[in-house]
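After this come two complexes, each holding chain A, first together with chain B and then together with chain C.
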Partner chain A sequence: MGESGCGKSTTAYAALRYLPANGRITGGKALIDGTDVTHLKTGELQRLRATRVSMVYQDPGAALNPSIRIGPQVEEAFTVLGHSDARSRALAALDHVRISDPRRVMARYPHQLSGGMQQRVVIAMALACDPQLLVLDEPTTGLDATVEAEVLDLIQALRTEMGAALLLIGHNLGVIRKMCDRVGVMYAGRLVEEGPAEAIFREPRHPYTVGLLRCVPRLGSRKEDHRLETIPGFLPQIGESLPACVFVDRCPIATEVCRTEPPPAVPVGQGRFSLCHHTDRIAAIPAPAAEASAPRAAQAAAPVLSLEGVSKTFKQAGHNVYALAGIDLELRAGETLGLVGESGSGKTTLAKTILGIHAPDEGGVMTLKGERLPGTVAERGREEKRSIQIVFQNPDSALNRSHTVRGILMRSLKKLAGLAGQAAEERLETLGQHVRLSSRHLDMRPRQLSGGLKQRVAIARAFAGSPRIVVCDEPTSALDVSVQAAILNLLADLQRDEGSSYVFISHDLNVVRYLSDRIAVLYLGRLMEVGPAATVFDPPHHPYTEALLSAVPRVDGEPTDRIRLEGEIPSAAAPPAGCVFHTRCPRRIPGLCDVDEPDLKEVEPGHLMRCHISVEELRRVQAKVVEPAEA
Partner chain B sequence: MVRFIARRVALALVTLLLLSVIVFAISNILPQDVGRSILGPFAPAPEVAALNHRLGTDKPLLDQYAKLLKGMVTFNFGESYQTGQPVGDLIKSTLQNSAKLAFLAFLLTVPLGILGGVVAALKQGTLVDRVIVMLGLAGSSIPEFVTGTFLVVILGLELHLLPTLADWPPGSNIFQQMHYLLMPALALVLVYFGYIARMARAGTIVALESDYTRTAVMKGLSRATVIRRHVLRNALLPTISVIATQTGYLFGGLLAVELIFNVNGLGRLLVTAAKAKDLPVLQAGVLVIGIIYMIATLLADILISWLNPRVRLGAED
Partner chain C sequence: MATGPALPTVDVGDPTAAVAPVSARRAARRETVRLLLRRPEFLIGVIVVAFWVVCAIGGDRIAPHSADFRDPFHGHSAPLSNGYVLGTDRLGRDVLSRIIVGSQDVLVIAPIAAAIGVGLGTLLGLLMGYYRGLVDDVLARIVEAFLSLPVTLVGLLTLVVLGSSRTTVIGVVGLLFAPIVARTVRAAVLAERELDYVQAARLRGENGLYIMGREILPNITGPIVVEFTVRIGYAIFTVSTLSFLGVGLQPPSPDWGLQISEEYSMIINGYWWTVLFPSLAIASVVIAANLIADALQSVMQR
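Moving on, here comes the complex of A and B:
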């Protein structure tokens, strides 16, 4: 594990000798089952890849050939081994990775499958040769939490079955903790700490590992309790001459010797080492300040935005797709409303409807500060547009690459705040300070900035007109944990200073929990549960929320009796009758749930739930699950 | 797929109608009095009027446009002002020659260009790559008349390998005609080779660096299999679409080459008709080129969507 760019993938690819055209192995050995890969001839290397090592990649959509059907692609992995019955073996392989209708899947093209399915196909191909070594490069990054949990379960099950060694690359510490026996932490192309996973997570012995573990919001941590730790500074640039200890510029306990002498690999326990001069001073790293990053939003604050009976139906190839169905929701002044649900549940559609990117169906009413809000941006006035802004997952799509950061922000100031000349300059200065962009950054173009800095620009742009509402759609999903922590702190600070309300979408429930005051859980376009964050995260939960929460891989170790959701989210073109969740609900009541759709009822003050089971009953059955202590 | 094609055909028809309006409008703005401009400033007025009447150029504009449309449908555009021959026949015979030339050039350029591009990509950064890229660049940046002249001097006058003019004796069979057309075709090849090679090279490089190629390599497939099964198909998709949608580009070169080598083709016909203000020929010629261009684009779109499952099947599920 380690932040992006620290050399994880390069290490793995070097071990399998798949290097980019400008890459070369300059020294050392890579032994796979005793064979030194660095000296293999082309034919031997092919043989090795065909028979003994396999790989699963980060983006399964790109890893499959877009113009060949799944069947032939999987069969190929068997024909290369000389099997003549490749087709039946491919069928069996797909069956093995729990694809329910392999025959049908074989006839499809990759783009016709969901991300989770695509990854299963890739895994099926990887397992074709019964490998001794399976390299997984961020296999679940970009997948939903529930899909991620399923894919990880699958990998774990297959691993016990096949006895392959796994090399798992990840930047999600929860995933690493859940899956791994041993952990290596990389920084700037070096392995800075290595040892048994439990030991490293419990008691890290390298300052970088300590920093990484403190960046992630733990289960149950909240912005009103403490700020998130960050690791200040940046990974050394490629080509820069490296200091003796590569981490020295970001290390809180660095001393003079760290600049003059490269640290040795210090043994720090059974099978453990840490590349640090001061492994004995780890305890001296200052603990996170217990300073609250933002006050809790007042529960009784007036709503800035309210939605009543908002639905959205898309027409697609003659079908109706019911993306949103009768949403009633309020967003209060200064609060963060977390929006959670699997992909396909309608989070982004709801966000886009609020933004006016598409109009809701007839009958839905949106109200902004007491006044009716027109459905589309085209009908909205400048004031209304200024009031509602968005921050995307991918800042590139929002930033014009040909302009400098200054130009981008000036335009927004002019368009949204109506500022020009001196006034705009001044506001730009404060805006830049608020999001911590230096004037050097202001003169750069987006492509010269790192992901985290780009996201700061996107946030500054959204805040140019002092918006009342900012919709954040997965704003930190593409970022490393330390950068994510900084962005989350920034969002909390801006909210405290500007009093804006957030609609915050993320598939990382710990992040949602950290930032949100209230949480709304969506499934197939319906609100299943709405309530204060603590209430939603603590039992009693709606059965869907319960399943979502139990899928979260935890940095603090794991309750093992996870609830597994069967199958994938049904199509919004044909939502199930009765409770839309009944097809996957582990607690469904036959004869009732598949017939009657329950209403969204207030079960406790401010806590709404859509379920036939009474809240008392849910409290009783869910109390059995032992909740881990808060971190 | 069927709906896709139907939509594209409808769109092509609309474009064609639009083209006819534009052609008609332009040709009616230029010469005010067709009879006068043909017979010259000193011809007596009644004669001019009589000619205008015979040509139909004294009729209301709407009638003249209707006649043009009718001509389009029945392929009857009246007679040439210059020679009095039916325009349809003129177009037909010259079009045949142009088509032969274009076909020959196409047949030579596309495989050569694709081969060159793919080889350059596979040998990226080596001498072979650089030579192919330079050749292509040189070919497409030197104008046709220069390359054409070079070919004439070297292959025709010095080495006596090929005839220098494409004026084959009447009654030649198709192979003899091809022999005469080979030099003009080569001139075209020189121009378009670089263009196609560049596309093929870029497409191949993208495919080589793609994740699915990585998957194929990691499966332990041989390099040849990886390239044949995984790289080429995806690499050539954008190339084919560019080749097909850029047929219009080919016409420009065709025109110049026909003039240099004296090919009795559509390009040359158009140039002479323009000089002589021979309206029916001009109109019909431009329309025919428009139609060909549209058919080529249509076929290209259909081919591309057929090759690309994402377009063919839609992404609805």
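Moving on, here comes the complex of A and C:
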């Protein structure tokens, strides 16, 4: 594990001698089952790769050939091994990765399968040769938490069955903790700490590991309680000359010796080492200050935005796709509303409707500060545009690469705040200070900035007109954890200073919980549960929320009892009758849930739920799957 | 699809970040030029074009004879005889001199025609790609209608109707190229308009004109520059073809296409040089323009 650019993938590729054309192995050995791959001839290497190791890549969509049906693709994995009964073996392999109707899946093209199914197919192909080593390069990064949980369960089960060793590359600490026996922490191309996963997560012995573990919001941590820890400074650029200890510039306990002498691999326990001069002083790393980054939002504040009966239907090839169905929602001044749900649940459609990117269907009413809000941006006045802004997921796409940071921000100041000349310059300076951009960054273009800085520019742009509402659409999912922590802190600070409200979309429930005051859970364009963050995240909750929560891999260890969602989110073009969730609900009541759609009812003060099961019953059945004690 | 090379990213606390801001863009441009100079096809293209530019500027001054000079005694003189390196045509005009002077017209007409085509095509492409829907449908049908007609044939008919002059040739060729360019630009705009910065611009209330001109256009200069170079090559070809067909430049212009047209019927009598050398001249410029376009494409559209 480690952040992007620290050499995780390169290590794995080097172990298979599968480096890009400009990379070569300059020394050392890589033994696979006793064979040194660094000196194998091409033919032997190919045979080794074909028969003993397999690889699963991050994007299953790109790993499958889009123009060949699944069947022939999987069969090919067996024919290259010389099996004549490839078809029956392919069937068995798909069955093995728990694909319920392998015959039908084999007749399909990759794009007809969901991401989770595609990854299963890729895994089935990877297992064709019964490998001794399976390299998984971020196998679940693009998947929803619920699907991720399924795929991880599958991988774990297969590992036990097949007895293969797994080399799992990941940046999600929860996934690593759930899956791994041993962990190697990488930084700037070095393995800085290695040891049993349990021990490393419980008691990290390298300052980088300590920092990494502290910057993730734990389930249950809240912005009112403490700021997130960040790792100051930045990963050294590739090609830059490295100091004696690669981490010295960002290390809280570095001393002179760290600059002059490369740190030794200090044994710090059974099968464990840490590349640090000061393993004895790890405990001296100052604990995060218990300073609250944001005051609790006033619960009684007046709503700044309210939606009544907002629906959105898209026409697609003659079908109606019901992306949103009758959303009633309020956003209060200065609060953060977290939107959660799987992909396809309507989170982004809701955000885009609020922003005016597309108008809601006839009949839906949006009100901004007591006044009716026109449906599309084109109909909105400057005041309304200024009031609602967005921070996009991917800062690379969100910033125009041919404009300078100054140009980007000045234009927003002009259009949104109506400022020009000296006044704009002054505001630009304060804006830059607020998001911690220094003046020299202002004259740079986006590609000269790191991901975190780009996202700061995007945030500054959203705040140019002192917005009332900022939609944050997965603002940190493209960033590394230490950068994510800094951006979340920044968002919390800005909210405290500017009093803006956030609509915060994220698939990372820990992040949502950290930042949000209230949570809205969406499924197939319907609100399933709305309420204060603590109430929604603690039982009793809607069965869908329960499933989402139990899919989250925890950095702090596993809850013992979990419920799993079967299958995938149904098509919004043909939502199931009755409760839309009944097809996947582990607690459905036959004869009721599949016939009658429940209403969104207030089950506790401020806590709304759309479920036939009474809140008392939910409280009773969910009490068994209590959260582990929180830090 | 960055139009320049990726620069190392800089960040707070990074000592290398202290780059003077303006130099960053210049450095990017220098890097593009450096990468271009490393490509042999680019160098060859530039050398060939430079050769013809020198010929065009020198014109009568460097040519051994004037373009209209007629040697009454040596009509159809073979190459390397009677002091004519490339021979003379049926009127006793020096082929070498007429090729040198003839480069003037080509090197003026082709770039201007290409510029008109690219300018108009970019405008159309931006409108089609950005607005899509009805605008795209209507314009796209017109563009497709144009594309389905042979360029030469339409050019021929138009020039017959309008009458031939340097201006009409430039105008007609430029107009004929616009639909082709429009299609390329439209594709680039379609990809670009899906990026979030376009959405961000709409959300702060920018109008379509601003978004097309200031937000999208700077990011698609790569394909446009490449398209321009490619079009120059085709323009040379088209202008020469039109001249050959007799509707382009009119005699006694030393235009290459016209030279070929005046002389090709005599090939059968063994007078090959009056046709071969102007043809080679055309080929060399067209190939050079395409070599440059290739190099630009691979460097700018990485």
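Following the convention adopted for this analysis, the second predicted complex is superposed on the first by the 630 of 631 C-alpha atoms of A that agree within 3 Å, B and C clash if a C-alpha of one lies under 4 Å from a C-alpha of the other, contacts with A are read in each partner's own complex, and residues count from 1 in each chain.
Just so we're on the same page, a residue touches a chain if its C-beta (ideal position, glycine included) is under 8 Å from a C-beta of that chain, and two chains touch if they have at least 3 such contacts.
The structure presented is a predicted model; accordingly, all values stated were derived computationally and were not measured.
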Next on the checklist: Given the alignment on chain A, is it a clash or a fit between chain B and chain C?
Outcome noted: clash
Checklist entry - Looking at the overlay, does A:Gly452 come into contact with chain B only (first), chain C only (second), both, or neither? => result second
Next on the checklist: Just to be sure I read the superposition right, which of the two partners does A:Arg332 touch: chain B = first, chain C = second, or both, or neither?
Outcome noted: neither
Item to check | Which of chain B and chain C A:Lys415 touches, first, second, both or neither | outcome: second
Next on the checklist: Contacts for A:Lys223 in the overlay, against chain B (first) and chain C (second): which applies, first, second, both or neither?
Outcome noted: neither
Next on the checklist: Looking at A:Asn65 after the superposition, I want to know if it touches chain B, chain C, both of them or none. Which is it: first, second, both, neither?
Outcome noted: first
Next on the checklist: Is A:Ile357 touching anything from chain B or chain C once the two structures are fitted on A? First, second, both or neither.
Outcome noted: second
Checklist entry - Which holds for A:Ala77: it touches chain B only (first), chain C only (second), both, or neither? => result first
Checklist entry - With the two structures laid over each other on chain A, which partner does A:Gln46 touch: chain B (first), chain C (second), both, or neither? => result first
Checklist entry - Does chain A have more residues touched by chain B or by chain C? => result C
Checklist entry - Can A:Arg440 be said to touch chain B (first), chain C (second), both, or neither? => result second
Item to check | Touching both chain B and chain C, residues of chain A | outcome: none
Checklist entry - Of all residues in chain B, which touch chain A in the complex? => result 124-125, 210-212, 214-223, 229-230, 233-234, 237, 307-310, 313-317
Checklist entry - What part of chain A is in contact with chain B in the complex they form? => result 16, 18, 21, 42, 46-51, 54-55, 57, 59, 62-68, 76-77, 80, 109, 111-112, 122, 125, 128-129, 316-317, 571
Checklist entry - If you look only at chain C, which of its residues touch chain A in the complex? => result 2-3, 6-14, 16-19, 21-22, 24-25, 195-197, 199-206, 215, 218-219
Item to check | Residues of chain A touching chain C in the complex | outcome: 232-234, 237, 239-240, 249, 355-357, 377, 380, 382, 385, 388-390, 392, 394, 397-404, 411-412, 415-416, 436, 438, 440-445, 447-450, 452-453, 461, 465
